[in-house]
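Order of writing sets the chain letters: A, B, C and D. Residues in each chain are counted from 1.
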Amino acid sequence: MNPAWQNLRADFPILNQQVNGQALVYLDNAATSQKPQCVIDALVNYYQRDNANVHRGIHTLSMRATFAYEAARERSAKFLNATEPGEIVFTAGTTDSINLVANAWGDKNLKAGDIILLTEMEHHSNMVPWQLLAQRTGAKLRYLPVVAGDTGLLDLTQLAQVLTPEVKIFAFTHVSNTLGVINPAAALCAAAKKVGAISVIDAAQSAGHMPIDVRAMDCDFLAVSGHKMCGPTGVGLLYGRKALLEAMPPYRGGGSMISNVEYFESKWAPAPQKFEAGTPNIADVIALARAMDYLDDLGREAIAQHDEKLAALAYARLASEIPGIRMLGPAHHRSGVISFDLPGVHAHDVVTMADQEGVALRGGHHCNQPLMRKLGLSSTSRASFYLYNTEAEIERLVATLQKIQKFFAG
Amino acid sequence: MNPAWQNLRADFPILNQQVNGQALVYLDNAATSQKPQCVIDALVNYYQRDNANVHRGIHTLSMRATFAYEAARERSAKFLNATEPGEIVFTAGTTDSINLVANAWGDKNLKAGDIILLTEMEHHSNMVPWQLLAQRTGAKLRYLPVVAGDTGLLDLTQLAQVLTPEVKIFAFTHVSNTLGVINPAAALCAAAKKVGAISVIDAAQSAGHMPIDVRAMDCDFLAVSGHKMCGPTGVGLLYGRKALLEAMPPYRGGGSMISNVEYFESKWAPAPQKFEAGTPNIADVIALARAMDYLDDLGREAIAQHDEKLAALAYARLASEIPGIRMLGPAHHRSGVISFDLPGVHAHDVVTMADQEGVALRGGHHCNQPLMRKLGLSSTSRASFYLYNTEAEIERLVATLQKIQKFFAG
Amino acid sequence: MQDLTDLYQSVILDHNRRPRNYSVLPSANRVGSGNNPMCGDQITVYVQLDGDRISNVSFQGSGCAISKASASLMTVNLKGKTIAEAEAIYANLHQMVTTGKVVEDDMSDLAALAGVHQFPARIKCATLGWHAALNAAKGDAQPATTEKPSD
Amino acid sequence: MQDLTDLYQSVILDHNRRPRNYSVLPSANRVGSGNNPMCGDQITVYVQLDGDRISNVSFQGSGCAISKASASLMTVNLKGKTIAEAEAIYANLHQMVTTGKVVEDDMSDLAALAGVHQFPARIKCATLGWHAALNAAKGDAQPATTEKPSD
């Protein structure tokens, strides 16, 4: 076994605490992951030694900060197997990244009559920006459906029907944050390319959980959140194919994204600087690169296997040991996100009760309101696993749900 | 003396280091400030104890994170004397805040023929977003000039002439990051109001340096960067008058800014949530509130006096002890930002040489290209002071500039 | 699960299982709706207003035990009250669920909601139906949402 | 200020004070410009290209000692060279200012720029004029900017 996996829970100080008198079982990783000490240390070191504004400075601290910031861009390019660091734009997170594409690429290239294709399982962050773009341009939205039933898989038999030549953008999630479905990203990108559409992948739930290779997937854009992959809050990135980034107008205006400013007009810096207006989130970008090191030390293939193993176990145990439970998403070949409905007990009540047992779950629509409606639900309870979760914690989850069921039946 | 001021330099671990064999003299505060240990600790504590996603969660960690995040909003409202926490929108910084106003307020309210009034001393971040807005809407830019000469003061005799009823937005900086000029914000806002224009204040250089009272200034919007006021990078805020925020469409789309999402249309949450799409920068927002505590413990009035005293001393000494130096900005009633031109020595060379002496300065156009051109310069050297700087450091600055001058004359 | 019985008192569990006045009200002349965008809870309240008196009130919707029970208790407690009286009852309830303090001796079955104050994330659940009802009665066309700064 | 003499060698200080070929070139058939958006440095390069040979080259602009001296040295070193030769010289210079390694024994006065590699923030200053000149000679209409990922 890779030695990085030994004692791994000790890397996460937050896990070593009691909640309501019980050892914390953190199963809300799809919302945000915890941070290893090395990532926290990266922040502390930066602020205690190197903090300065980047790019515009030539004193020692500024050079150190600039070097570390641009090294993080190289690290990110390697993390995603991008062709070059210039394809990485640092953003505030997945939501910001998708809005960037919708605004900078979308407003320039879309017109009335064009179609934006999404899937029925998209997170609000990969739906609302396109709704706003459609309103601005007169383009229309269209959805690739999810198959009937509870597996939540995309209905690929309908792909050819919805992915017509009027489609200019096909934006889809790599991994569903509600159902745990893993979508066939490379095949979807290839299909988009065939009709001349650009592909936009929401990788919020996948980037920290499995190997990502933008060249193998052959996508045009890919959006990532740092906070879901052991990195800090407030930082993320957008991968963009170089030629597309270069042809796009800027998103936000301000310092650092210009090559020349006059009172009445300005010229832009080349990508990626063109898209990074103002002082960037220097410390968090640097700490995000440290998170990438941490994940690659463990091995993303190994993390994916770990997630899948826990998810399969949890799925099987809940399905068999909690009478009447409704399990969502596929039973196998899935990510570590498990959603379920406990009949007669609302998700809010499940989460409050689980919290009394020290088990952190999430209940609600998971920013998936339309999908919930389609499934005939207003909310689900969700347990989501990550690299530090254990089989013993699944034991705790099962016991807790049994207790809750008993309480409400009682 | 306020005890918080004693031993204050010990609060900033980064200051206790050697650069090129000399004790660091950090005089690049207008670019970014250093962080006291309590702010760094706030980040560490959050990530080691409370980290979870906010708003959507009802387990213990999520409640703690949500509570601390919303408490930071209250803290920010108090910091600026806003009427209520709902007038505070957390953003990625000043640049992001100004783009928010230009997009969400500007696109809805501006049309061809309208005028956006700026001043000639604006930072690119308070210029380029308005240029982009003008391009989108057909509105035109207009500038309130800076008086001839090197004081850099606004030419208020021309205000009535440029602030005509066609002006819909008057955006200006509270404090110039190049010249150290402090503009009469309340008077400018009152003048804007008279012609029915909204006022937008760029407070990047003032928020951490002097008391700010949005009600006394009676401004409509005010933009702040955390990293320039002892807070972390990647976070800032926008104050917006409640009625204006409520009437504005959203900026970015995504999770958390919605009240209801359907596949083809959505409804927005009330302000300020409407403007905070996606997972916010939770840790940095919480640490920013800690920075506000730190500044208020010292007293912002006292900080302003400290800055002004150092600036006046530095201005007087440089003017008298560096032969031929060209000093920019006013000699008195100014912020702690000093810009100067050393004849025959380019600013880049000044900064590189000063860095060899451990003195961190900035050289360049300071994101003020058009103003530089107006002053007949391509760049200046800049020393900018903050609460931890001392008179002894001014001694070092003077000695270093004398050395540089000698080197280049030699 | 000690503390949970503070939150999920038998009165709550009972109203959750068998909500009172859980139906469309044909005689209603006011309809209000509330939603909690964070969890997807949705409620519709039907009010029959005669002058300034709530002669009858009912509700329907989906929600957690707390929001369902609280809405059910709301219908029982507001029926026959004037708007002013309803507002006074709600003010007491609001104080109770946010602070735990029972202001009026006479909160009767509403006192079952006192435990909510220990669960700050659930306060919005306890007030959703009340918001919707009062908005409807006062003729406020806006749907109630728990996203308003004040609950 | 020990190390500074590595950067500001006498050759540099001399070319900064008295830049060579610092003028508009009336016989120029190519003009290139470069700017460093981060500091506001601006340079214009005039090239007289005969076939693929740079018969003459001059420059004007504002910049720091490094960029001025380097541009001045550029004019002296590229005059009379073919484009291919100019590119080879630049390749060596680039390697020298980024790594400190002097590749060719025969860098002559250009070796004065070797100290730049110790000051990473200044590498762009040392390459600005060369970029502009090579772009102009190769007929690349884009102004050179130090913001390109590669220097």
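The definition used in the following text is that a residue touches a chain if its C-beta (ideal position, glycine included) is under 8 Å from a C-beta of that chain, and two chains touch if they have at least 3 such contacts.
Keep in mind it's a predicted model, so treat the numbers as computed, not measured.
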Fewest touching-chain hops separating chain B from chain D: 1
Go through A-D and A-C and name the pair with more C-beta contacts between its chains. A-C
Rounded to the nearest whole Å, what is the centre-to-centre distance of chain B and chain C, using the mean of the C-alpha atoms as each centre? 45
How far is the middle of chain C from the middle of chain D, if each middle is the mean of its Cα atoms, in Å? 76
Note: chain C sits from chain A at a C-alpha centroid distance in Å of 37
Expected list for chain B, residues touching two or more other chains, is 20, 56-58, 62, 258, 260, 348, 352, 363-364, 369
Provide the list of chain C residues touching at least two other chains, using ranges where the numbers run on. 38-39, 119, 121-122
What topology does the chain touch graph have (line, ring, star, complete, other)? other
How do the chains pair up in terms of touching? List each pair. A-B, A-C, A-D, B-C, B-D
Per the touch rule, the chain D residues reaching chain B in their complex are 1-4, 7-8, 13, 38-42, 62-68, 119, 121-122, 125
Name, in rising order, each residue of chain B that touches chain D in their complex. 20, 345-349, 352-353, 356-357, 363-365, 369, 372, 378-379, 403, 407-408
Looking at the complex, which residues from chain D come into contact with chain A? 35, 37-39, 119-122, 145, 147-149
Sites on chain A touched by chain D in the complex: 55-58, 62-63, 66-67, 84-86, 258-260, 269-270, 273
Tell me, which parts of chain A touch chain B in their complex? 13-14, 17, 19-20, 24, 26, 28, 31-32, 34-35, 39-40, 43-44, 47-53, 56-62, 92-96, 98-99, 102, 120, 123-125, 127-132, 141, 143, 225, 227, 232-235, 250, 252-258, 260-266, 277-284, 348, 351-352, 354-355, 359-364, 366-367, 369-370, 373
